[in-house]
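Below are two complexes that have subunit A in common, paired first with subunit B and then with subunit C.
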Partner chain A sequence: MVTMAARGSRLKGLRYAAEGRGFLATLLISPAVLFIAALVGAPLALAVYLSFTDATAGSLTGKWIGLGNFRTELHDPVFRGALWHTFLLTAISQAIVVVCAGLLAHGLMRSFRGRWILRFLILLPWAAPIALTVTGWYWIYGAGIPEASVLNWFLIHLHLESATNVTNWLGTPRAAMGSIIAVQAWRTIPFATVIFLAGISSIPQEVDDAAAIDGATGLKKFWYVSLPLQLPIALVAVLFGVIFTATDMIVPYVLTNGGPFNSTQVLTTWAFQIGIVSGNVGQGAAIALFMLPLLALVTIGMLVFARKAEVT
Partner chain B sequence: MSEEKRLNRRELLKKAGAGAAAVGAAGAGAPFAFAGPHKYKGRWLSGNLSLITWVHFVPSYDAWFDPWAKAWGEANDVQVTVDHINNTLLDTRAAAEVAAQSGHDLFFNLHPMALYYDQVIDHKDIVTEVARTQGAYMPIAQASTYSAKLKKYFAVSDSYVPDPVVWRYDLWTGVGAEPNTWENVLKAAPKLKKIGHPIGIGQSQELDSNMALFAFLMCFGSFLQDANNHPSLDTKKTVQAVNFMAQIYRVGETPDIFSWNPASNNNYLYAGTASLILNAISATRTPEALHLPFSDSLWIWPIPAGPYGRLGLEHLMGCWNIWKFAQNKANAEQFLIDLLKAGKQATLQSQLYNFPTFAKTFPFPEIRKVAAADPHKPNGKYTILTTIAEKYTHNIGYPGTMNPAMDEVFSTFLIPQMFAQVSQGKLTAAQSVAQTKAQVSQIYAKWRARGAV
Partner chain C sequence: MHARRRRAFPYLIVVPFAIILAFPFVWMAITSLKSNADVYNSAKTWSFHPTLASYGYLFHNTGYLRWLKNSSFVGLLVVLITLAVALPAGYALARLAGRVGRGLGVGIFLTYLVPPTLLFLPLSRVVAQYLHLSDRLWALVVIYPSFTIPFAVWLLMGFFKAIPQELEDAALIDGCSRFGALVRVVFPISIPGILTVVIFTFSLVINEFVYAITFISSSTNRTLAVGVPTDLIRGDEYNWPGIMAAILVVSVPLALVYNAFLNRFIAGFTGGAFR
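Now for the complex of A and B:
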């Protein structure tokens, strides 16, 4: 009897321990941790190691050269250009995204006929495979022949451009960078719009009513009431947008491949060019890793700001 | 036991000998008796062979190659898989296979991949075996695929493609000029542009711009490396060449050339716009096939002469590579030997686009006869191809040989960039050349430190 009672008590203890928050939480989270460690952590560690070596194509080891790759890149004008272009591209495209997504979200909150169709259409660029949509844009820009550009055709017929002097969207530095920024903004706007919509929906009606009673309308209401309430969730959209844009390679690769003369080269395309096409794996890893501390800083900064801005 | 049935020693030996001979003969003939003659040519081969190649610019070549590869597989008891991809994807595909250390047994590219010298087998046995029956491996192929420093054939070339200047006879005679020198091209360019037919030499980060501008530099006496593979970009001559091309752009081209891909100059010609491009004969074969109204007016000539002479490059260098990690190396080697021996067929099926790389496979006089018999107008326009192939076609890296540093200069498009930033007024020619020279030196120093140059 005593033995059975003791066993029963032990089982109860084990069950209690298994159901305990510490044990159960660890157990449930561990597959995800293992998954991330294997698929993100290990390649990241390997990339860090490679960046300190002179590893070449086909080899995942090399001679240890310390900060040699980083020094070489910092002296390379193409790399410095790529760093600047990455910043420029990310900052401008995300500024466009915030403004457009904000306007679209507010517009889509109103009730009108065809709202669901419009929401669906706005989401399409996000849902479509990026390689296909960028190839579509490549054709829209004329695929290397400005006279064949659909965009130029429209501009000419709207009398915004002369037929004898059409814009070479992908062949001159400014136009090429502008074209890439436009596509990056176009593909990120739907995601940001959805996040903004969720943010606006989460504002309680009472707050709106109280603001109306206090006489806050229009821009004032937006600035003092809606914006502070939306800011934390809007920052999440911006954070994702920054990371998606800064780490994206497909758009610049398909549209310009870094050209003309490296004027649209960004860190991802340059890392690919050096690390994969030219076979300097160690150097390519060093270029790719330049983004890591920068993006980590941006992320931490934004999360801290979001926490401060959180309205409870 | 009767006397007659008894055998003496001599008779026994005789009968035993005859019996042994009969059994031996029957044994040796058994496989034929039961299975017929040997079915497979390469009895030692079996299993699979996977290969990847491009989609040929002349479709009739692929129409010949794919069944040929299949028939080769059937004759050798090998399951052959042929994959075709767009030419612009070959470099990244090769990089991916090397990174993964897995992929096709045979990899074809349009330029020698010296960068992967350590990832491929030595192809010497293939070159030696083919040379035994097909004559010497041509100097252009040797310089493109052999590293004297590493003492290794890092690829084997089955073909090279001459790179003539393709020009519209009707338009050029209309302005009273001919593109036999670069000076004449510069003089005629504004007149041609004025009548709506600009020059079409690219300055973009792509293969055709690379080839045209490398060759253009050589016509001005500017070489990226010397005969010993040391970087040797002469500042004065290079600045002269870059300024000259910027002038051609300003007076006779349109900004299109900065955003071209390898097919763009062809399309520019097919659209009836371009008056001159540097390209292989696919640029004349397509208009012929499509019966474009100006196809009879398309002439091909050797590259225009510059101050240093008339020095052209191959337009493409067909190079096969067997990876060290290939699963079926013996099959791949035999396939290449047989393919190279079939070089004459390949040249004919490509409509004289591919030129073989072994001297006796399809000797120049024979190719000339075929070219002269080509029915397209103007009569005999393709006969000049053999002269271009023999006299004016050089390897990338001429007067030196292909090596990993040259491959990196080529694949990072430093030369089109050097020209483009001057043509667009971003830098002066002196600044652009100095910048490129520094980049080239850095690349060479890196590969030299690795002992590969």
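Now for the complex of A and C:
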């Protein structure tokens, strides 16, 4: 009788502990945290370690060579080019994205006839797998045969270029860079547009009404009322775009693979080239690590803006 | 006059953008209907005899179906793992852990921003030497949750936050345990949210390229994202109609489903931070 009661209360105690908020929360969250620690945290630490070694393919360890890899890279014109191209590509494509997505979001704000299908068409570049669609772009750019590019067909028939001297979209440095920027902008615009739209629709109607009563209209209202309220969420979308673009490998890899003459080499393709194709794992890790400062900056920015968004 | 201009405004902006953004798909569709001989003939850029031959070629003469199967296999398993880990975590972060939970939620989400292009080198060694999974699809099944879990936890956190606490409290008063309330009350109403996570997780898996090209070396074990741009392009003979068909067959259905769940996705994505 006594033991039964004791067991009962112990069970109750156990059950109480299991129902306790702290315990249950820890239990529910820990698998996710462990998984992430093992598959993101540990490899990240390993990447940092590898970058200080001369590890090659086939071995996980190498001789510690301190900053040797970083020194080699900073003196390598190809790497410096890659760093510059990564910056250029990201900055230009995302500037295009902000302007286009801003316009589009305002166009799509109110409901109108045919909005559903138009939104679907605009969303396509983001919804379709980029690894596949970039292959489509490779063909649109002529796939190494400029005469086959449909873009050149348009330019010729608009009399913007002559049929005998067509643009080699992926074969000349400047055009190749432009081609990659266009695809990166193309695929990020839909994402930025829908996030901008969410930002606009999160502004309460009361704010609009109050602004109207105070006599704010048109551009003035946009600049002093709508824009500041949308800014935090829009900035988060932009920061996402920056990360997606700067750390993306598929678009430059499929379109040019860094060519012609390394003129479109970016950090990711160069890290792949050195780390996997050439098998210098340590060196490749050092190249990829140059993305970390950017990630840190964007992360801080994101935290600041997320907090701001919460306040407003 | 003014009203009419206001009504025309959306079309003036949206229609040109829609045409430009969707054009690549139009061109892919047109190319996919050509015969291989017509592809390089500039006189037949727009007028040609449409044929579905390329679709037949794709299914019978390439590894496409195999890659489709591989991608689905990996996608399905990754979705299951992701849900098993992210559902409890997302719920706990939304409800149970308060301020600490918020910080932790943002922390987990930020790991989503650590790109595969930063981790693929160390992971390639880990996969080869410790897991002994070189050139096996299981390597992808193990590694992919590293980016799907943070993403899914964040989305689910947003969805769970939208479910009023009172609903659960009522279940608790009615004699449900906290776990019972979770299973009987919270999960059933979150099914649309969970479906959204399933679709976006699957789409992330279909999209992944860097790990797939690093860990998988043989053609039969490739996924769609790698098989189409590498094997089909760098093969002996290009078949552009076939390649375009390969893109469309997957992209169009995926885009339709994606579009259907977009509003929920936005709600979850922004709801985690902005509610």
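As a convention for this text, the second predicted complex is superposed on the first by the 277 of 312 C-alpha atoms of A that agree within 3 Å, B and C clash if a C-alpha of one lies under 4 Å from a C-alpha of the other, contacts with A are read in each partner's own complex, and residues count from 1 in each chain.
As a working rule, a residue touches a chain if its C-beta (ideal position, glycine included) is under 8 Å from a C-beta of that chain, and two chains touch if they have at least 3 such contacts.
If you're wondering where the values come from, they're calculated on a predicted model, not measured in any experiment.
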Check: Looking at the overlay, does A:133 come into contact with subunit B only (first), subunit C only (second), both, or neither?
Finding: second
Next item on the list: Tell me which partner A:176 touches in the superposition: subunit B (first), subunit C (second), both or neither.
Entry: first
Margin query: I'd like to know which partner A:145 touches here: subunit B for first, subunit C for second, both or neither.
Written below: both
Next item on the list: Please name the chain, subunit B or subunit C, that touches the greater number of residues in subunit A.
Entry: C
Notebook entry, point to check: After superposition on the shared chain, which partner residues are touched by A:256: those of subunit B (first), subunit C (second), both, or neither?
Noted result: first
Next item on the list: Could you give the residue numbers on subunit A that contact subunit B in one complex and subunit C in the other?
Entry: 143, 145, 147, 276, 281
Next item on the list: Could you pull out which subunit B residues touch subunit A in their complex?
Entry: 91-92, 95-96, 98-99, 101, 115-116, 118-119, 203-206, 254-261, 264, 267-268, 271, 404, 408, 411-413, 416-417, 420-421, 424, 426, 435, 446, 450
Margin query: With touch defined as at the start, can you tell me which subunit C residues reach subunit A in the complex?
Written below: 7, 9-15, 17-19, 21-22, 24-25, 27-28, 31, 39-40, 42, 45, 84-86, 88-89, 91-93, 96-97, 101, 104, 106, 108, 110-111, 113-115, 117-126, 129, 142-143, 145-146, 149-150, 153, 177-178, 203, 206-210, 214, 224-226, 228-229, 232-233, 238, 240, 243-244, 246-247, 250-252, 254-255, 258-259, 262, 266, 269-270, 273-274
Notebook entry, point to check: In their shared complex, at which residues does subunit A touch subunit B?
Noted result: 54, 56-58, 77, 142-147, 168-173, 176, 256-262, 273, 276-281
Next item on the list: Flag every residue of subunit A that touches subunit C in the complex, lowest number first.
Entry: 19, 21, 24-25, 27-29, 31-33, 35-36, 39-41, 43-44, 46-47, 50, 55, 59-60, 100, 103-104, 106-110, 112, 114-115, 118-140, 143, 145, 147-148, 150, 153, 186, 189-190, 194-195, 197-199, 202, 233, 236, 243, 247-250, 253-254, 267-268, 271-272, 275-276, 281, 284-285, 288-289, 291-292, 295, 298-299, 302-303, 306, 309-310
